[in-house]
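The same subunit A turns up in both complexes below, where it pairs with subunit B and then with subunit C.
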Partner chain A sequence: MKVVACENLIKTQGQLKTLNDVSFSIEENTITGLIGRNGAGKTTLLKILAGFWRGTSGDVKVFAESPFNNLLVSANAIYIDDQMDFSTALTIKEILDEAGRFYEKWDRDLAQRLFDYFSFHPKQIHQNLSKGKKSTFNMIIGLASRCALTMFDEPTTGMDTAVRKDFYRALLKDYIAHPRTIIISSHHLEEVEDLLEDVLLLESGKKHLHLPMDVLKEYAVGLTGRTEIILQWTYHKEIIYQKNMDHGTTYVVVKNDYFPLEQAKRLGIKISPVPASDLCVYLTNKTKGGIDDVFK
Partner chain B sequence: MLHTDRTKPIYIQIAEWIETEVLNGNFAQDEKVYSQYKLAEMFTINPATAAKGLNLLADEGILYNKRGLGKFVTKQAKAIITDKRKNQTLKGLIEEIVVEAGQLDVSEEELIDMLQTMYKNRKGDAK
Partner chain C sequence: MSLSEISLGNLVKKQFFYKLNAYTGVFSSMVLIQVIAIFFSFGAVSSGSGRFGVQINVDYHSADTLIIFTMLWAFINAVTIITKKYRDDDFAFVTNRVSNNVSNMLFLVAASFIGGVTAILSTFLIRVISYFVLRDHSVIGYDVMYSVQEIFSGLLVVFLYLLLFCALGYLAGTISQLHKSFVVLLPVVVMGCLIMIVIYGSEVLLHVIEFYSKETNTLLFVGKTVITSFLLFAGAIILSNRLEVRK
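Let's turn to the complex of A and B:
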């Protein structure tokens, strides 16, 4: 069953198309990584799926219904980000007590155990929590709500390394015990990639690719060698990334399709896999160079 | 034990980990190996990725499927793994050594000498 389906989704904000003709679908009980640079449209997309915002044109379905102003979607989907606003009249413990009224599958016990594990004080007010503590608390809400569609938008903002690791492990354990559809947006693909089944890469409001994580890992190869040999070899190939190094050597990243790797090796070209996080950066670079080109 | 090579697909790392467990005798013939969920939890990876690793081993005849019960080690598992590692992993490593030796102008005799010394030292350590 498809939990999310978008067709030709466009969102215009002022003069800018923040989502430009996006089409994709997400299957039930999968974990998808929503990846993209700053301003790629990740938050806009998630807010439309959560029913907070309305798309300008195109078709969006969540649980086969249009999510905007929809009670079914509101009750079964949750969107977690660092802007979440809770009543200042309630302590954070009271928030955990009340949340069960909004979410049918709310697990009060899990929420309490996480609350204690991360050493929250019951009398604290959400607004006064530090940035990292706020993110941690919001994450508890996201996990314990057990919503059929759970969306985390940059959930680890401000968390320290230990808490981030705990969060990923908690997310995975709870997902195994209670499968549901999870979308997690992140700048740190290298941190979340092991958890993901699929990756949706956005670039300037457009879908760049939507692939299983394993396919993405083998999507491209890196070639290092003498510049003239590399250029000759990649003459009619699409170069994803190129970096000229000292002593006449060049590193290029090309798509990994039917490339005669054995032959390349014999010519002294060094072949290396391209980490998925690097690849996503290269794929969404505006220019084929990098920051170094600014300083030329 | 995983992630020594972050760029290798995880399902392959999972498959290789199970292979090593079989070679070490930690999973015997007709014994059930870990489920995709158990593996996912052990290594903090997506269960679908773990399943892909298990399926790879099933395709290679190292594991067999018992419907609803899980995956089990085949009779010929050890032989298949040993053969595969000899012909792929070991050969690849040797190729790397030969290429590196060539770049360093190390002759064939010198290289064989180094190998023999290595064997001798290892035997000495074992005593």
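Let's turn to the complex of A and C:
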């Protein structure tokens, strides 16, 4: 069953199209990474899925219903980000208790154990927590609510490395024990790539690709060799990324389709796999050379 | 995949109790305002006259200041709970616009009731303070008695006035949430209209106030205020139903 289905979704904010003709669907019980540069439209998309915002045009379905102002979606989908605000009149322990009353599948026990593990003080006020602590607390709400659609928008903002690792591990363990549909938006694909089953890459409000992680890892190859040979070889190919190295050598990234790799090796071209996180950066670069082009 | 089903009524109930818990600021501001109002009540209207060597001073210890202050609180309180900060807090948990509005409405009814009770009780406090502090023994005596019925009808009237102001504030708050410019435009338009009414000497405003304040039939009064409040709330709900949240 499709948990999320978007068709030709457009969202205009002022003059700008923050989402431009996005169509995709997400199957039940998968972990999808929503990847994109700053301002690619990740948050906009998630807020529409959560029912906070309305799409300008196009069709959005969450649990086969339109999410905006929808009670079923609100009860079964949760959106976690670092902007979450809770009443300042309640302590964080009380917030957990309140959340438990609202979410039917809330796991009180898990929430309490995570709360203790990350050494929160029950009497603290959410507003006074540090940035990393806030994110950690919000993550506990996201995990313990066990919503059929759980969305984390940049969940690790401000967390230190140890907590980040703990979070991903907790997420995976809880996902295995209680499968549900999870969408994580992140800048750090290298951190989450072991977790993800699918990757949805957004670029300037457009869907760039939506692929299983395994396919994405094989999507492109990196070629390193003498500049003239490389240029000759990639003459009619679509170059995803190009970087001039020292001593007249060049590194290019090209799409991995029927490329005569054996032949290339004989010509002294070094072939290397392209990590998914690097690939996503290359794919969403505005220019082929990245920041270097600015300083040319 | 099993989805949690939640009924609107059940959700409204949960939200209502959540709000009683979370919006404690509303009640602490009420206490503060009423304490200030009690203080102001002692700077009460005083008029004196003297003739033939006899000086008569009449001090009015009126609860009007207190009631007006509480009405102001009701209005501001309703505007506050519809502001972005409160709305974002509400949308952290399960909700939709209708359930949020209905629970806000119920919360305001509860707040008006509590405000009404404390306002009525404060009028007695004013007397007690006058008696002991100002040594004004005329305010408590055999001839100053209130029947239980009087107290309750007083409570009802104050409660309904507060509710009316809450509903007015809630609608004003909702309108100002629709677009940033309304925060400035709304007071300007309202003030502009009031000034126009005064300049043209129209008695519309007077009639409106009299419509509510001069009603002597309890049942009619209840009907007028409840229906008006309901219409104001309904307007707010309809307006905010398309509002985007959590910018």
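Brief remarks follow.
Going forward, the second predicted complex is superposed on the first by the 296 of 296 C-alpha atoms of A that agree within 3 Å, B and C clash if a C-alpha of one lies under 4 Å from a C-alpha of the other, contacts with A are read in each partner's own complex, and residues count from 1 in each chain.
Just so it is clear, contacts are C-beta pairs under 8 Å (C-beta built on N, C-alpha and C of every residue); 3 or more make two chains touch, one makes a residue touch a chain.
On a predicted model such as this, the values are computed, not experimentally measured, just so you know.
Judged by the touch definition given at the top, the superposed model places A:Glu218 against subunit B, while subunit C stays out of reach.
Using the contact criterion defined above for the overlaid structures, shared-chain residue A:Ser272 touches subunit B, although it does not reach subunit C. Touching more residues of subunit A than its counterpart among subunit B and subunit C is C.
In the superposed model, A:Val294 makes contact with neither subunit B nor subunit C. Of the two partner chains placed around the shared chain by superposition, neither subunit B nor subunit C is touched by A:Ala162.
Contacts of A:Leu172 after superposition on the shared chain: subunit B is touched, whereas subunit C is not.
By the touch criterion defined above, A:Leu72 reaches subunit C but does not reach subunit B.
The touching residues of subunit C, counted against subunit A in their complex, run 1-6, 8, 11, 14, 18, 21-25, 85, 88-89, 91-99, 241-242, 244-246.
By the touch criterion given at the top, residues 30-31, 168-169, 172-173, 176, 190, 194-197, 213-214, 217-218, 272-275 of subunit A touch subunit B in their complex. Residue ranges on subunit A touching subunit C, taken from their complex, read 1, 3, 28-29, 47, 51-54, 63, 69-72, 74-76, 83-87, 89-90, 94, 98-99, 101-105, 148, 180. Residues 6-11, 37, 40-41, 43-49, 52 of subunit B are the ones touching subunit A in the complex.
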